[in-house]
């Protein structure tokens, strides 16, 4: 069973609305290599796990638990990027202005139609998330290799999306997730090391230069690239795998640690022109 | 952030393998009105919630938290129904038997191809789950009405699926979920009552006769149709809505209660013929 | 604007339930070459028609109007094939029978889950109808050639589906539609003749032998393969094209005629075990 | 059977081309809550209706009939918005201009590729319409609640799309449809009132302020929000439900009325550069 | 079996990057009437061909073989249009510039996220290619008519896309393909002539004026519109059909000829900011 | 450019019709890990390759070329399994038999409707192939790892499908492909070895026992698991990578070799009841 404490796993840095950034950040939420995919893939793999080598199941499930928080973080980041992007309402009395005309020009129009300027289960091109993204092969090596591709591509795509806006809300979330995807690469690469593989110097993939993503630095300094947060309320065998030398070039040491300190979940402002939540005057 | 204790929200009752039942039960997992839909819909609605009437957000999120456990319960039930359904292996030395030939006749062949006889993010007709199932309208009345349709259709479909096999593993899970969907109907119907609606006698939808679903009886007797489990580790305002007289015909009283006692997560047997997990002999 | 008289365009011949036939007949409703495709393709082409040669637009729209009735005819035929296919209910008091277990074996399980044994917007393999089936090219020759392929494939597929069951309800509807698709082939082939094409003896496609589809004979004898029903309440120029010698091998004469006599729309029986319509006891 | 008179259900107000408006208006045609969905959902529900309480079937079918006209109205509006948006042709003799380069910048490029600047069965993000949007549950209460969500979301989305352009062609059609969706909300809400529900003051959803949508005023004054047009050529029982006090806040009276006066279907100009219709010179 | 010589079937003319042109050119690669569709449709039709009239199979397969080269040509053209479109990198030391911010404004963001500025199996609206585009009816007349629609629509759409940019890389590839689609129209039209059809003057469709597409002229002068390239390493019967008078208005003569002279496959530049290929420093 | 010699890459072993086997074998053709995916993924990756380390591009392209033959082999195998599965026609004079009634019971009905008993671009559950299966990341390590997962899963799924029928036509093709997928695993694993990785004993994945798949033995004995066929008509650098010790447990030596001897492409019998090819009597 799953429990919740109302805390975001990372901070939301304030900046201006940026609907174009919200559009491309959807890839990180609902794309083929986004957080919904990792969350659901690791959920299915841990529920479908066969055999009694539970340390591998606990590893996969441990990453799954964090991915739920990642989904929430990206949803909230997208909402923050959209908040106020079509600020000025149609004036009372019948102005003919079109307050969303500019806002949608480089945006996903569904952000303004399907919901009240809020996140969607779609990718950067507007394609809805699809169950066929999820692989749960049942063979442990296939599953681990697949997860490694998934986390590698996660970093790769985020490093490309990062170059699409200099908005601080946008980049802080991407930077945090780049570092965490690096940690999850380490988790699956290490699991394959227990089966004999020696990765030499190919990880992390891609071979990113931290100087290009300055927001990443503090997370690296806090060791987040070599840590696995533990969201279990009971015992877990994850530490049997996630320990010892990092499989990445950086020579660090892997360590299971408690969850990070939580950050407040923002209260999203009402949006009367989008009729959200739309219950203000009901009992007048 | 999300925390986990390795407990299923309900028991898995043992019975024979039944791949045909596994196929139709997929509707409850990955169908348009299945648990993945409710889980993701309530997740998006709670993250996208606007305004400071947080009691409604806490209600939606509270149901979301339980739905994660429902997804896990249905995954596990499907796995149990599949376990051993193609038991006999191709004999060493090159027998020409085809152990899965019978098993797949009325089954979803993907259960045996994509994974090692395990659950998938698809529906009863084999269509993958799709992000376009999720609605997060941003208008509270629209969202609540939509959720009410969702939970009503959940019961409706489960009552029909129930008639497709008398397998006990299958029916116990369906019965538990029918009663819980009834409770969630009560949650959203009650939320609309706080805005003035009087439902008269139309709930629960459908107007099911408990005598037809005998496995439901014990859950009704335990009051599960009028209870909302609380999976929060911090405070929640859900009790401001989920309290008082039930909006359903039964005249009960709604009550927020602690989570039910957990049930063990089964260890799924290895399946060497499906190469799962397939790591036995690696270090020989 | 569109008007309605509660009449089916052809009769529903009674026979036993046949859920397997209902499954494959879905191709004719929601398949890539089914009636929903023809209906929507001709709807878009007539609304999007450019230029003042309105006789072509009237021809396309004239066929569209009939296709709405075809959709209704196939929906009703499927419903008739499903009615009573899971007759015996789970007995009061908790019998453990599973009345739908047999019914779904060769059926589309969604017929029993999504609705109360009724038609769906999907094809014979369970794939939902998709807007990408519709072509409205804007170039008249492309549109007419595409429509000709569509009607030819319509006959071709129906002649194959016909061999999948000897159920009379099923075959009568297919036979009627085979003859009408032949007429619609004639309509589009004739329209291309007005632009100069000479088809020689290639139509109808396929070159079907009426003796294999005995139910077709009476429709041929009534001239339905060379007639275009007129569903317009105002003037139409369709007769400028649909007249003269048939472009098919049969040497008949094309003629615009009034709609056929209507047939009663059946009242579908209630299905209490499927909770349909489920309002019987509400006011007790 | 279905009959047609060449009349649009509402006027097309002339204004400049606006391909960006055409793009977002596609949501109203081919979106999850657009007119194709309502049309097909009510079509399936009325054909699949079980039992002899035909007043409910007649109500659902009555709304279906109007929705066919709505689809045609939105198709025509989109065509009007696209007409002439890439006006200037590539000059004879081989100019290297690219007349569509500007036009497609904020447009759906398929409007210019798939057809000759004309409507498509897709939504505002370019996703094709999908049969999985249609729900026909077979349980009357589920169907009515679902239809109510559908009509409520219809108004909600149209009120948001309205803010995306001040083009008069665009806004007039949206305004008419907002008022008609309000009437259809009343239809389904009233049907649930006959089963005992009291809606208090929650309808219409959203609680829209007519002063923001000045084009709506005349339709309200004509009573279109409380009227149900009757497109039947035979008897209908719709008036048994659609009568008496409106379930909305406005205290009006529901009334079945004849169809509105028709408006001319425009002849779309030829578009030689798009090769539409492309038959001008064939017989030279 | 299939053999390869590293040659492009046509030249890549250099010009500036143009990501907006790359976006719309995707229609020609992954659209419903693009080169992936023609390639796969003719592949399935030739493998599924029934009967011993092998001249028709050889014709369909002959066109298939060329289409593989067309796919490669369009992929390479898109890559050329994207190369360098987000040139300037994020500076070392943490500049906050966002080099892709401009590039993606009118682009498909997936070109920059999924790959390192390279082609994708999607259409101009970003929808992934779908197997339901492929038709292999098994009836030769249906297949030939369908292929004729396909090649006609190919020219039609390319002539529209041509107007969306004056980029030379873009237009040269489109011009070559327009002429080759004309040749393939001739192939399928001629095959239907062998069955008796007389096309009069309707081909080519559309009735394009070569003066509007000046890049086409040289290909027409080289006779590419009446030639079928022969990619067979063994005997073929294609010449039994593809010979004699062209079915198009131009009165030319159809002729099977050797493949055109090949053009060099460009080496795409590395793109370090996109981590492509990303292996430079691995062994440092 | 691509050239063809009419030869299958492996033999088609005759056996009885088996439409149920044809249904599941579709996974190998149009599934997420089937031959269409490998073919298109390696096609995109080789066209999109960046940088001048052409030995990697030649390796990927080399595998691509073979995959085209694999697609043709599986299409032909499916056709052979379907040939004659609905043998007996509806008798002349109007017999009411339904020759396909039995055939479709455990079949994909589209095999009998869409084509004349022939292969389709779909998977074992009937879902059409989708462009979103293709990954071309642009980062060489990501691409190689992804290809390795793809080939590993290819073997894994084929070993499971193998157990679904003992039909010889079916198993021979699967056995050949299992061995070839093993060779392709070796290709991509070896490429990663050139970047430093040491795989220890984890390959091949899965760890299959050749005694269970006796048809594989002869291919292993011919060294097909360690060979890469060369389909280039010009020079290739593939041998720079595909050489030396196999990365798999078997200690063999990798070697680039000429293509295997070809096998005849069968002439599929006409199927008059399916109107295929349907041109017999046209000129009578």
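Letters A, B, C, D, E and F mark the chains as written, and numbering starts fresh at 1 in each.
Keep in mind that, in the parts below, contacts are C-beta pairs under 8 Å (C-beta built on N, C-alpha and C of every residue); 3 or more make two chains touch, one makes a residue touch a chain.
Worth saying up front: this structure is predicted, and the values here are computed from it rather than measured.
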{"item": "Copy pair subunit E, subunit F: interface residue numbering same or different (half cut)", "value": "same"}
{"item": "Subunit B-subunit D separation of Cα centroids, rounded to whole Å", "value": "36"}
{"item": "Computed distance of Cα centres, subunit F from subunit D, in Å", "value": "47"}
{"item": "Subunit E residues counted as touching two or more neighbouring chains", "value": "32, 114, 116, 122, 126-128, 130, 132, 135, 137, 139, 141, 156, 195-196, 201-202, 205-206, 274-275, 278, 282-283"}
{"item": "Interchain pairs in contact, sorted by label", "value": "A-B, A-D, A-E, A-F, B-C, B-D, B-F, C-D, C-E, C-F, D-E, E-F"}
{"item": "Subunit F partner contacts - residues on subunit E that touch it in the complex", "value": "1-9, 30, 36, 40, 43-44, 47-54, 56, 61, 65, 68-69, 71-72, 75-76, 79, 114-122, 128-132, 134-141, 195-196, 231-234, 259, 262, 267-271, 274-279, 282-283"}
{"item": "Subunit F partner contacts - residues on subunit B that touch it in the complex", "value": "86, 89-90, 92-94, 96-101, 104-105, 108-110, 112-114, 116, 122, 126-128, 273-275, 278, 281-283"}
{"item": "List of subunit F residues in touch with subunit A within their complex", "value": "32, 127, 130, 132-133, 135, 137, 139, 141-142, 145-146, 148-149, 152-153, 156, 192, 195-202, 205-206"}
{"item": "Contact footprint of subunit D on subunit E as seen in their complex", "value": "20, 23-24, 27, 31-32, 106, 123-127, 156-157, 159-161, 163-166, 201-202, 205-209, 211-212, 214"}
